[in-house]
Amino acid sequence: MNVIQPGLAGTGPAGTVPLDLLARYRAVRSRTEALAAPLSPEDQVVQSMPDASPTKWHRAHTTWFFETFLLRPYLPGYRPVREEYAFLFNSYYEAAGPRHARPRRGMLTRPSCEEIAGYRAAVDEAMEALLRDLPAEAAELVVLGLQHEEQHQELLLTDILHALSLNPLRPACDPGWREPAASAPVTMLEGPAGPVEVGHDGRGFAFDNETPRHATWLAPYRIASGLVTNGEWLAFMEDGGYGDPLLWMSDGWAARQAEGWEAPLHWESRDGAWTEFGPGGLRPLDPARPVRHVSWYEADAFARWAGRRLPTEGEWEAAAALPGFRDAEGLAWQWTGSAYRPYPGFRPWAGAVGEYNGKFMVNQMVLRGGSAATPPGHARASYRNFFPPGARWQFSGLRLAEDAA
Amino acid sequence: MNVIQPGLAGTGPAGTVPLDLLARYRAVRSRTEALAAPLSPEDQVVQSMPDASPTKWHRAHTTWFFETFLLRPYLPGYRPVREEYAFLFNSYYEAAGPRHARPRRGMLTRPSCEEIAGYRAAVDEAMEALLRDLPAEAAELVVLGLQHEEQHQELLLTDILHALSLNPLRPACDPGWREPAASAPVTMLEGPAGPVEVGHDGRGFAFDNETPRHATWLAPYRIASGLVTNGEWLAFMEDGGYGDPLLWMSDGWAARQAEGWEAPLHWESRDGAWTEFGPGGLRPLDPARPVRHVSWYEADAFARWAGRRLPTEGEWEAAAALPGFRDAEGLAWQWTGSAYRPYPGFRPWAGAVGEYNGKFMVNQMVLRGGSAATPPGHARASYRNFFPPGARWQFSGLRLAEDAA
Amino acid sequence: MNVIQPGLAGTGPAGTVPLDLLARYRAVRSRTEALAAPLSPEDQVVQSMPDASPTKWHRAHTTWFFETFLLRPYLPGYRPVREEYAFLFNSYYEAAGPRHARPRRGMLTRPSCEEIAGYRAAVDEAMEALLRDLPAEAAELVVLGLQHEEQHQELLLTDILHALSLNPLRPACDPGWREPAASAPVTMLEGPAGPVEVGHDGRGFAFDNETPRHATWLAPYRIASGLVTNGEWLAFMEDGGYGDPLLWMSDGWAARQAEGWEAPLHWESRDGAWTEFGPGGLRPLDPARPVRHVSWYEADAFARWAGRRLPTEGEWEAAAALPGFRDAEGLAWQWTGSAYRPYPGFRPWAGAVGEYNGKFMVNQMVLRGGSAATPPGHARASYRNFFPPGARWQFSGLRLAEDAA
Amino acid sequence: MNVIQPGLAGTGPAGTVPLDLLARYRAVRSRTEALAAPLSPEDQVVQSMPDASPTKWHRAHTTWFFETFLLRPYLPGYRPVREEYAFLFNSYYEAAGPRHARPRRGMLTRPSCEEIAGYRAAVDEAMEALLRDLPAEAAELVVLGLQHEEQHQELLLTDILHALSLNPLRPACDPGWREPAASAPVTMLEGPAGPVEVGHDGRGFAFDNETPRHATWLAPYRIASGLVTNGEWLAFMEDGGYGDPLLWMSDGWAARQAEGWEAPLHWESRDGAWTEFGPGGLRPLDPARPVRHVSWYEADAFARWAGRRLPTEGEWEAAAALPGFRDAEGLAWQWTGSAYRPYPGFRPWAGAVGEYNGKFMVNQMVLRGGSAATPPGHARASYRNFFPPGARWQFSGLRLAEDAA
């Protein structure tokens, strides 16, 4: 059984097993465990909202992915660690059978963290066996499994950050966390206009939603060399940005009213000074660093207040190679003005993994770049991240653009 | 005070009052009254869901528009009919002051239908006075007010249809309603590829969201000459289309489950045969006529089932001038694959009417064409209608497309 | 078919048709129409919350009661006015077949007020025929139907008052409404202690929930001669009564927080002065008149603040005959400290009308007395009114009591 | 500071420290730890619904009670273990300051189980010091703290049972759990009629809600010698009891429809046979044992189906001393027909513990007896347990009664 079509990934000509796959497998898998290491069993079980998942669940689900899409079809004689896990740790793959309801993931006190560790070890052992004798057609699925696990590493961090933010003790989920350096002053760069090619060029791995590479037409525009900062956001707040409906989309204003937004998520005013709750705990807000944990609605309102707009994802991608374009990655994902829809000619992968991206292509906005929580090397210029416009718990910020009429 | 910028409408060179504006004013205003005429006072007061408005409210709100944006600023000495109406009949214009909450419009048993009729007559009388001596810069606003009222004429019909559909007696809101003729067989037309110009060309009136005219790039595609029919929809249903999650967007499947969708809205099975509830009441379903009252989610799932897809709005507009392209208007609005976002270089109108379209440009999908409920002459090829993907109470159908790789 | 057991009502020996039944029928029926007369068709169709019903629906449902329980079984050859009405106007009688969902009563724009008037006239005509030759066993059902209609007369008024209170114009539902005279100063009366008899004594009509008459044991207590006034309520408010959780039941405090209660329902502060919205419209608050439109939660908190408590329903009933006990009726229903449960030995009426009272005997608190909206002659000392503890839209006030240890 | 009034408990003349208080303290405290011992840290943190609390929270809250009401006021020089715990582990005492929101207890991954164990140990050490030199006026509060902890022992078990019931793996929370012996056949006993005394007689400890002892009047009745069994409940189910609205209270029927009740909570049909999920895991249903995990609504409907009714709490208490009255305790709490309201002359305890019972005296029904989860020696004949009529997660069953006219 071949769950995805030939040519899924750009890891090399189909049939060539990458030499370093085992090393990459080990590196990715152990990075997940390193992220979970500072977290107690209690930390790892809670689900703070339906959109978030428990740490333990992330650890198990990424393991289930390898078991389901690699070990079961490709490792002769493989026996699943526990049959029930197919139900418990399937996220949203309808083709892979029934599954535990997402909002109830936090009820799964069993299997314990220890059992999950055992599950991971057992699957790792079997994967090592498989990787030593990997059928050529399965290589791309291994790569996909690793990319998938990297995506969950970021979610693991943002989800536990959200959970711990609800604890009045404000505990740090990663006491040794170091914030990336602050941004340099921003200039406006001229973006390329007219027909441009965007989408993945086929070199290296890409998700199906980045393909096919295709032409799009860009009107003249300028784009900021860097991201909006906390200090600029404070100016927006002080100017009444959260109180002026004319700056907001109608749905955004309704969300702001309903949720009582007055500042980015994880900002708290303590004794008259703003603090930011991050992986390292509660720290004074640094005005020079890029703002994050803002929804698309807030980003859009801020841009309007600033007399600018969000770039489209095409503009962002076309500008990413410009000299002077900084901080694409490493600080915060950047909301764009583009709704998440398929590229012209888009085909989801064949088989069960075809549900990976395609079925979410509505009611979401595209983010580009990469954040401080994104695993190094994971993102790229054609990468399409996406979240609903009201989502705030990701490391989401913004970069401004404007028409150059 | 000039609430919208010069050049808003294409009714002629700024400053030239169109000769027929008074005639048009009378025609549009009386068409609204004709639509309401078969409805009792009781019919006219109810609001069947937050998205819908009472008939009476439509009649008053369209009147408020003329009073607020034309009579108050332009007719010397004008005294509003009743000050409270500014609060009661403002729809969503933040710049025009506070307003009655949308979901409570159905609580407004007073003013009565009779008082609303009086309000309309008083405003009409004042408008006639104004139109006889119209300042040049106000002409475009009059046109906008008429276009606005035409939009509400369609909503008036779809809203009352929804309200009456909840009545077990299934009364007809327009007993004399005649359904448009059925569709002819459909062929696939080759659409224009490469860079094309879309958006309004400046000849005649357009809403701000249709502008500016701009280039877009189209990959090769084919588009259907006509709309999907009830008969084709029945085939989708009989093939289990409403029960196969792999055909649906994730959000669409969730909506289907939550709402229990098994057929288009207003379809009912009676004694084993399908009927459709329309303005003329409950009638046998005609398989040859175009399907309507489907959500974007359903249209998208249908297209996937059919091995095709929805056209983008650019594809639709570029194809609309092709020979053989039929039924653009007069049957049903056609869902496209495009999220409703601003065109490159979009600028909302200046002043309060700038809230008309721009602040809704998220979480909505674009529909093109025009329906059996659209006032004759109202729509055009560049017209951008928009609704959330779960909306079903409009006359919304679909036209298929496919890649021509 | 005999839907209720012999001996239901005390209108005379079973088999004796009361001489004045036709006159009473006419009086009650026309009083309903008089209450609805000032209301427009638009007023009569709206339903402002699930607990309330449209005026038109009250008019129809009370008519349905006579058609269903009298005309169908007892008038030979009677043909129902319209078969669908059995579905539309059944309130909650499971034994009488399926029914329209309560929260959707406001969607019934048809039948129109005019048709309902016709329905009432047709049933009245048939009832007159029946009453001229009434089978003895049906007499009690006629009385029940009239008592039932009187109960709906009060609901009609409180429901439309609630609906009109949501209209920013604050229209009066009965412009000629006269408030009853204010209360006299209150003294504390010694109530009877030890075993007392309570419940209906069988003389005249009573609902099943007032029976059987039975012994209860009362500890020594004192009860107020009159009701708590608006002025006393203002003192409670000024003393922070709405802000002190220690005065409230836990559920009451939660309701207060969730609903934002700061004063009785229908009180509004205008230009620094309190007004009360009543059937006569918005009027200055009179401190000497009894407070009304308070929930049980508020009444209970007030009593605690005052160092007193609510009387039990037994205490209330036993005290009602005391010299000095004033304002039992005519001003406001009086919340008691008693949960609404069956009396010892309670038996619901046989047949469909057995659902009248019994199935509501949980989650409700008993009110005693009668209000300014209660039809004259309707209530009596043994009458048990009941509403959930959070209900505020009735004319509900309170009378205090205390232990006399 | 004396938070409760003299004479609260019946542990002896005020001022006399019971000799065995230290031993009782140790026994109760260690029993809690024994209940938690089989549960993993993950088990102990989850909150499966707003009404339930995490195991860890129960362990901490009961400790907070001693710290707040004993150590802080009475142990000189006592320094709280951690100031934040006052906020985190206050349940509902408004007078004891602000507190963490109940529905968010499951978010408290920190402090960890280990830290809670340390909290318990530190408080136990300080309590031992206090108990060696206990001020006379504090003795009753110690007893109250132990009674309070025993109540939480039962909740700990029912809460974790509910949480684990949501896990598809159906893990046992106490693998060594032994079900009590099944019931003997039931006879109907004649209860005492006329005036009877009920309420606590002052010998030994009692909660304030059991006082004062007072007279009540009972009409002649019979009461079952034992509880309704699973087998009898199956007969109710097979006879369509869950499908006949005429058997149910209106609110009960609505709850049944909304929740989809078809059997008691924790019953599951597996391969055509009924099983019951209990502390020992999933086991075959024993028809001879008493039914439990039914709501008041279900118990009330069952009684009506059986041609009987629930006893009032007065009837239950008066009958508890009859020869032949069995299974008062040890099997299941028994729903009564009485709403939970204060006894005549009821006075809550003075001080903060006055919030213990009094503020819940609405919207709840009384249960009498004691269950398999009740700590031995905790309950007594005058004990008033109470839950809302829809609650099912307690060990709640029923005993029938009938009028003896």
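Quick notes on this one:
Residue numbering begins at 1 within each chain, and the chains themselves are lettered A, B, C and D in the order written.
Operating definition for what follows: a residue touches a chain if its C-beta (ideal position, glycine included) is under 8 Å from a C-beta of that chain, and two chains touch if they have at least 3 such contacts.
Chains and their UniProt names: A, B, C, D = Ergothioneine biosynthesis protein EgtB.
These numbers were taken from a predicted model, which means no experiment stands behind them.
Shared contact partners of chain C and chain D, listed by label: none present.
When chain centres are set by their Cα atoms, the one at the greatest distance from chain A is C. With each centre defined as the average position of its C-alpha atoms, the distance from chain A to chain B rounds to 37 Å.
Computed centre separation for the pair chain B/chain C is 46 angstrom, with centres defined by C-alpha atoms. Annotation: 59 Å between the Cα-based centres of chain B and chain D. Those chain pairs judged to touch are A-B, A-D, B-C, C-D. Contact residues on chain D toward chain C in their complex (touch as defined above): 92, 94-95, 195, 214-219, 221, 245-246, 248-253, 296-297, 300, 312, 337-339, 341-342, 344-345, 355, 359-363, 365, 389, 403, 405. Chain C meets chain B in the complex at residues 40-46, 48, 56, 84, 87-88, 100, 104, 106-113, 163-164, 166-169, 171.
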